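Okay, structure first, notes after.
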Amino acid sequence: MEVSARNALKGNVKALVIGAVNAEVTVEVAPGIEIVAVITKSSAERLGLAEGKEVYAVVKASDVMIATD
Amino acid sequence: MEVSARNALKGNVKALVIGAVNAEVTVEVAPGIEIVAVITKSSAERLGLAEGKEVYAVVKASDVMIATD
Amino acid sequence: MEVSARNALKGNVKALVIGAVNAEVTVEVAPGIEIVAVITKSSAERLGLAEGKEVYAVVKASDVMIATD
Amino acid sequence: MEVSARNALKGNVKALVIGAVNAEVTVEVAPGIEIVAVITKSSAERLGLAEGKEVYAVVKASDVMIATD
Amino acid sequence: MEVSARNALKGNVKALVIGAVNAEVTVEVAPGIEIVAVITKSSAERLGLAEGKEVYAVVKASDVMIATD
Amino acid sequence: MEVSARNALKGNVKALVIGAVNAEVTVEVAPGIEIVAVITKSSAERLGLAEGKEVYAVVKASDVMIATD
């Protein structure tokens, strides 16, 4: 499946925190560069997420903001 | 200003496309790793965005999805 | 690629409007049931979208609201 | 109240999972077609959500992605 | 229609900019307090938006970030 | 840090509910006008959020909908 979301950064699951409804997934996409996702707990289970697993962090372009110092 | 958004990736503006309402900003956060943002044209102007400028790509954790091959 | 987004509704592109930065895609997922997406113009081009093409409308669960009459 | 969100799919609540902050609502919009929403627990309570209740799944067009096989 | 979105701020349309696909709507919710929305052009037309019109700016709680100085 | 998000409303934290993964933050931006945010629990901790603290409610323009009566 190819998705219209412009951003798909490859990395590995570095941390996984499971709540009642949601799960927080930390993905390391490069040394020292991490992206944190909050997805539903059942999606985390369906995808078989676990520390070390290779995944993509996917983000729609309209959900990205730009900041300057 | 410090923002609750969990993700703020530092990089440089690599490309900028301006429309009537929106602008598309491509940020290179590491060699070969790019993040594309669609923000309003007036935000792009207010921040003085231009190719080469140092910026952050900011994303709320709930806007990140996880994909697996 | 399998995505954490909980919702992926199969359908056909019924209409496509292209702007300078964005494109509006209308997907018919069942007779009389349509879902409208706004994605970037370049994503629309990359996916080769055209009227009639079979696609999925994908939505993250945290982006869905519930309304009652 | 009429909302700018382009998508409002009518259906019935098929499942409801309540967490500390959020609730996961599964809406059946047609036989075999379900949409899952994560909303705040207090919104779920305010709307009086319960299995079988008739609701709308509402999605902003900019939150819909398109995927192809 | 009652919506699960936790935030609905009443105000008046102060400015309206129309693009090919999207429209930018500025709503004044209190003296000196404005909220800017980008919605589809066709939603702006369907709702009959015009300067001065009374509207609500509606935002899902998961789309609000918190910042500190 | 200056952010492209068009909306940053200044206010005070009026209520704070902490879950396993997320936190719900109610910000009073003017007398009688409140905005509710759901952010990650760790962001709430990192920002040192507490009742009464001065904060900004930040929202991207593409995440705002318009509703009419």
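Each chain gets a letter, A, B, C, D, E and F, in the order it is written, and its residues are counted from 1.
Operating definition for what follows: a contact is a pair of C-beta atoms (placed from the backbone, for glycine too) under 8 Å apart; a residue touches a chain by one contact, two chains touch by 3 or more.
As the structure is a prediction and not an experimental result, all values here were calculated from the model.
At the interface between chain B and chain C, two copies of one sequence, fewer than half of the residue numbers in use are shared by both copies. When the contact pairs of A-D are matched by residue number against A-C, B-F or D-F, over half are shared only with D-F.
Relative to chain B, the chain whose mean Cα position lies farthest away is D. Per-chain CA centroids place chain B at a distance of 23 Å from chain E. Distance from the chain E centre to the chain F centre is 17 Å, each centre being the mean of its Cα atoms. Between the Cα centres of chain A and chain E there is a gap of 29 Å. Residue positions 1-6, 8, 19-22, 24, 36-40, 42-44, 47, 56, 58, 60-63, 65-69 of chain F each touch two or more of the other chains. The touch graph of the protein chains shown belongs to none of the named shapes. Here the touching chains pair up as A-B, A-C, A-D, A-F, B-C, B-E, B-F, C-D, C-E, D-E, D-F, E-F. Chain B meets chain E in the complex at residues 1-5, 19-22, 40, 42, 60, 62. Listing the residues of chain A that touch chain C in their complex gives 1-6, 8, 37-40, 42-44, 46-47, 56, 58, 60-62. The touching residues of chain C, counted against chain D in their complex, run 3, 5-9, 24-25, 27, 29-30, 33, 35-39, 43-44, 47-49, 53-69. Residues 17-24, 36, 38, 62-63, 65-69 of chain C are the ones touching chain E in the complex.
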